[in-house]
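Here come two complexes built around chain A, the first alongside chain B, the second alongside chain C.
Coming up: the complex of A and B.
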């Protein structure tokens, strides 16, 4: 290419530059049309979302040509096959994509009975119904098939009825039906409880909340920090409210508590004049700021049961948790393939809402379901009830009704850092396919130095086939309080906005509990510090970096998962605003263009072993 | 004639740089996967394959962006691009995003992305990049509109959304130029976006909203008749008549043909533009675009009605030439757009 004159016109300061159109003509911008900022990638294409090495460009072009030839006619058989049967992975990697596409066309169609693309939930039912028709475009006018309550799996538990008669199975009955579980299934609970009761909450509280984080766990900075902001309508009063909130946070940052106090009161007043999401967000943030200013102790983090209940309401109100479970389950399904035995370790079992859907899909697997073992981890209960066992019991009942061999074990731990793989009674990789699942749990480890490293090491020691992680897509763990405040303000504004879009009555229990659920998170992000500040959300980019340097390789979630997640969202009223996005093989769910949660999947790097 | 025969491939390879060829060919293949013979569209796969970028309130290259939902009913969203401020605070606060413009004259470009009415959105990487460049080049604020797409949303949805966006922009106090407390609005768009520009400008006539200029970049027009350029260039440079027909069928009302005025504004059912207050237009035509005859007729049609038109004909340009800054046409185009907009700025401030 011809050389061009330099002058980066984009960065010239606004309004103060060297004149008009004619001078621009001379001042052409230089963009490297050759490499080489990052590993020989073509920079121009990289900006547009495609990673191609300059040295591969000609080869990619050739393959695109071939692919075009092969696709041929607009209504030909090859095209049809590519349209209907191909699952895409990582569309950014052009080289890999075009290879895959070419091999799809050249390879004969695999026998559907052997297909590993087990679909979840309604989709599998849908395929069953539309077996003959090639109709992949679903018409949502037919409501009956998409009635959420009718979809097995999403209805969390079997109806309360007398216990089912013993199944006609050669295998011994599931351990849940016996009061004293047989030894291989479970170890006696009480001693373990005591051993693991290292309470994080009982560590010394922090009376002096510094304005900046004192956490010494490494904060991994995202390679390029992006602040996606989505606003909804600009109203004068709303702007004043935000302005005041920001000013208050800034005063707190500067430890000007007198000013902060005055401002937080003002915010309270201003919030009253708002309606809807804005009012709720402002109120939550004002309360959190007040707690910080007045050094009111944070809410007791050990109220685990209460939080579980809150989360269930949140689960009902909006699709974030469902998306998390759905996409994680999809990744698990794709990873376990034709194995006979699956062992899932759930880092926070809570009410076990993720597992009915997976079990349902396992039950429908062509060739029959694998045995399903679930190890659910959860915190100790203040009243010493065995919440984990109760969940396990319910899941066992479901398993029985759908014909899946099921084993459950509960593992009580105050912190994931207390986990010891030896206690989990893991089978060898030849015997069982192990899957580790963490939904909104890992970020809490960042409150304690060394914890995340320990847990990642622990995961590696488990030798899982797949690790599924869902985290909030936000930068709430930066070192500067004001930045955290700003970020979380944007984040929770979008979240609350999406709640509003859900169409639920603002007075409904689900709605109110969901707001309390989110409000507690906000309080934690804003009012807490040190080991008490558990909601240390980090972005996908940061998690990627961490996982990559800890010995994990990404496993890509493909277009199949994307498509089904999108269809799932469309079922939600107010589903209009939700967006699924593909990001280098991970899936993100957002409200309009603001990503809010991200699902990623991982496997051990081949060279792992140097833990 | 099928687009994809070896001769055609060699032809298109000769006239564009390799990475451009790869990019446009990738789109071509993707889009073919998405268009089903029965007229339906694989929207989920489209969303999956489309490379998107988030808005970024952190300035990059002197530009920051943020998204805004301007109509809850239709979830109409725009992405706003602004030049970064001279004194940058530690981090742009949410209240800075809509800070009133500070100069005598700030052009506001309402941009409609292309994609033949069915593809892309404001957060598509190709369009996000283009809009960012426009900010720097024209010293303008750009408002990129994610209008509703066909075939799920046919005519006139895209135009309705365009109109909503125009109205919204015109009523933002923070977008007003200091010199006259008015928003200085230009409409711009490529492909289907160019078509939307025309139709929104038409609706704006007599509405009290002043549009200072239209910029139509390879605008998408057509008609029942097959023109000479269509016959000559069918399948030669990435685009086939067959796919053009598919998109019109997807956008136009069911049962309408390509002489519908949305497709053929100066055709048998077209409206007269005589004596109306229509903005000046910059019409950019790529010499290797098969629909150029329609685009050229559009330009001469405007002229016949006495409206000001600047025609930029780029003989060796293909579709999508403006997506990558690796060719002369790109720079020529940017110069022209800049002149088109800022000649007003200069004459106003004299």
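Coming up: the complex of A and C.
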């Protein structure tokens, strides 16, 4: 009896006629099934007092597992709230009970396994959610069928401006037995947030799309029985967002700029419905696409110092750069062995953050430290300050403190291709052990034809003992724009995901600067072409073949590097998400299953072909 | 009766009279206890904040650290700072999986991070006691 009401309210209060023929239809079928097959209950459970249809068994089992998983993750507070608030009718009906429980639980929680929708800090999201719901209600004023606030009425929802528009479909007055989540009159904050959250999700769905959207509001009553019940709405909006981005990119590729323009605006709106990493990624990509469509000149190349600052914040937020530095240092340490003089040529000096750790390791080397010489290459500074010398001075101070003989020289070059080994004042290989280091610099040379070959030739002429290269593990240099776009979307989604996992508050300076840093890369990959497009990342396999054909042999990074990297990552909160992988002697750092950066080490091939 | 009492008084040991024993005890404490000990009285504070005690704490698990570690660490800010900034976080976070890394490796990592911290402080932007931003990640709670 009561179950019938429950099903009824489920199908009628939700998306009603036009929106929900499928959900209503399904509910109806289920109901009829139950009426027909009174003997269809599973017998064993019936003995225990539970009525579950045999046909439903697998489904109920799956949902019970999900419920268990979800409940296991909740902290005590929301769990007890769950126990207090939910009204269950006919608890012998396991199927309905578990659906109601899952719908309760769905509203405040997100699916942690969802890669696009990252873990949300619920408490910090509250204000954000409140603000955002206002915004989305303003934008999606025709989403009245999802205007859930009409149901419990003004008691729970004091009027916001603009007041909710008149309903397009008359909502039936909710039957009193409706097993709603807690009567909102009594519980101000948490249920409100539950509803607000799904209000965002549902209002973001395109009202023009048909029946599938009816499943989006999960709060009022149990969702469709056939859907796997874990936060359907934001997931859907997220999927829709990605599809729209892809469609826009395709339109750009086909030079259909009118369509692209419309789509990119839509993306911008959809992006607002998301939260966290997905939102930021979508916004960055939307901006980049807009720049490409409107042919806005690429952003002014940043002053080198500003770029350094951005990278410093990125260094502090997440382990990628630290990983790069530590693994490269380990390779250098192992290569130089017991030599007395070391000369490192660093293509990516920036703030010199890589070298303190190496100098410390040299200082503690059994047998005493070698003399350490560093040549740093940097871009010209617009205000003529000698940034390189400042870095050199700091490093010299450190070296003196820990007792390492140190020498520094800085070279200014606007592009690495301008480098001439003769200028570098290199000692002969017998006198000093030379090593070349490049972190995220070589890929820029691919923008100029011939540049990379010139630089590799230059490196060979220096006769280094070891060359350490760290590059992004991504294929952002393909000839087809759409492929580049897709690749970079996945890559930067993972990267932003990992930023979220770092536990920093979203409005900390570090976090925002890191996002700007990555956002600029995205703009470069998507919006620029030709010599302006500097972020031409290539995969490890591509670099391998390039280095191999240029006369370099791979050097395997040892287990020490792997161990040190693993230890380093274990220190980071969110460290469980990071993965160190060994790939034929090279080390890759990734987020969950996606490798993001790769460190490799090279030496000159011993053959004569070093011309 | 009074003779008994007097004897007892003679035999009662006041640890503050035996600084060498006190030092030996302090050397075996963990970091938190050492800090607590430093709050007891001036003598204890002087002993518990001496760098040699913290050096023992940091190098406790290392079989033969070699003579080069001490001058480097002292120059970079001392063992107490090393422990506070780096070692204790490594101990708690890496302690879950004791077999995976040797104590020496962990110390090396601590030292590297410590050195980076010193380098950042050379910029002069940070106060003496605060950890620089590069070590902030160590202060974040970790999902265990």
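The definition used in the following text is that the second predicted complex is superposed on the first by the 373 of 611 C-alpha atoms of A that agree within 3 Å, B and C clash if a C-alpha of one lies under 4 Å from a C-alpha of the other, contacts with A are read in each partner's own complex, and residues count from 1 in each chain.
As a convention for this text, contacts are C-beta pairs under 8 Å (C-beta built on N, C-alpha and C of every residue); 3 or more make two chains touch, one makes a residue touch a chain.
Computed from a predicted structure; not experimentally measured.
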Touching partner for A:295 - first (chain B), second (chain C), both, neither: neither
Which of chain B and chain C A:360 touches, first, second, both or neither: second
Chain B versus chain C as contact partner of A:44, first or second or both or neither: first
Chain B versus chain C as contact partner of A:239, first or second or both or neither: first
Touched partner set for A:563, first chain B, second chain C, both or neither: both
Partner chain in contact with A:64 - chain B first, chain C second, else both or neither: first
Contacts of A:463 with chain B and chain C, given as first, second, both or neither: neither
Chain B or chain C, by number of chain A residues touched: B
First, second, both or neither for A:265, with chain B first and chain C second: neither
Partner chain in contact with A:576 - chain B first, chain C second, else both or neither: both
On chain A, the residue positions that both chain B and chain C contact, one per complex: 563, 566-567, 576
Interface residues, chain B side, partner chain A - complex: 2, 4, 9, 13, 17-19, 21-23, 25-26, 28-29, 32-33, 35-37, 40-42, 44-45, 47-49, 51-58, 61-63, 66-70, 72, 75, 77, 79, 83-86, 90-95, 97-98, 102-103, 123, 125-126, 129, 132-133, 135-137, 139, 172, 174, 242, 323-326, 331, 334-335, 338-339, 342-343, 345-346
Contact set on chain A toward chain C in their complex: 315-317, 319, 326, 352-353, 356-357, 359-361, 363-364, 366, 368, 394-395, 397-398, 401-403, 502-504, 510, 560, 563-564, 566-568, 570-576
Interface residues, chain C side, partner chain A - complex: 66, 68-69, 71-72, 75-76, 89-90, 93-94, 97, 100-101, 105-106, 108-109, 111-116, 118-119, 122-123, 133-134, 136-138, 140-143
Footprint of chain B on chain A - complex, ascending: 1, 8-17, 20-21, 24-25, 28-29, 31, 33, 42, 44-45, 47-50, 52, 57-58, 60-61, 64-65, 67-69, 71-75, 79, 82-83, 86, 88, 91-92, 94, 101, 136-137, 225-234, 239, 242-243, 246, 482-483, 486, 489-490, 559, 562-563, 566-567, 576-577, 579-582, 592-595
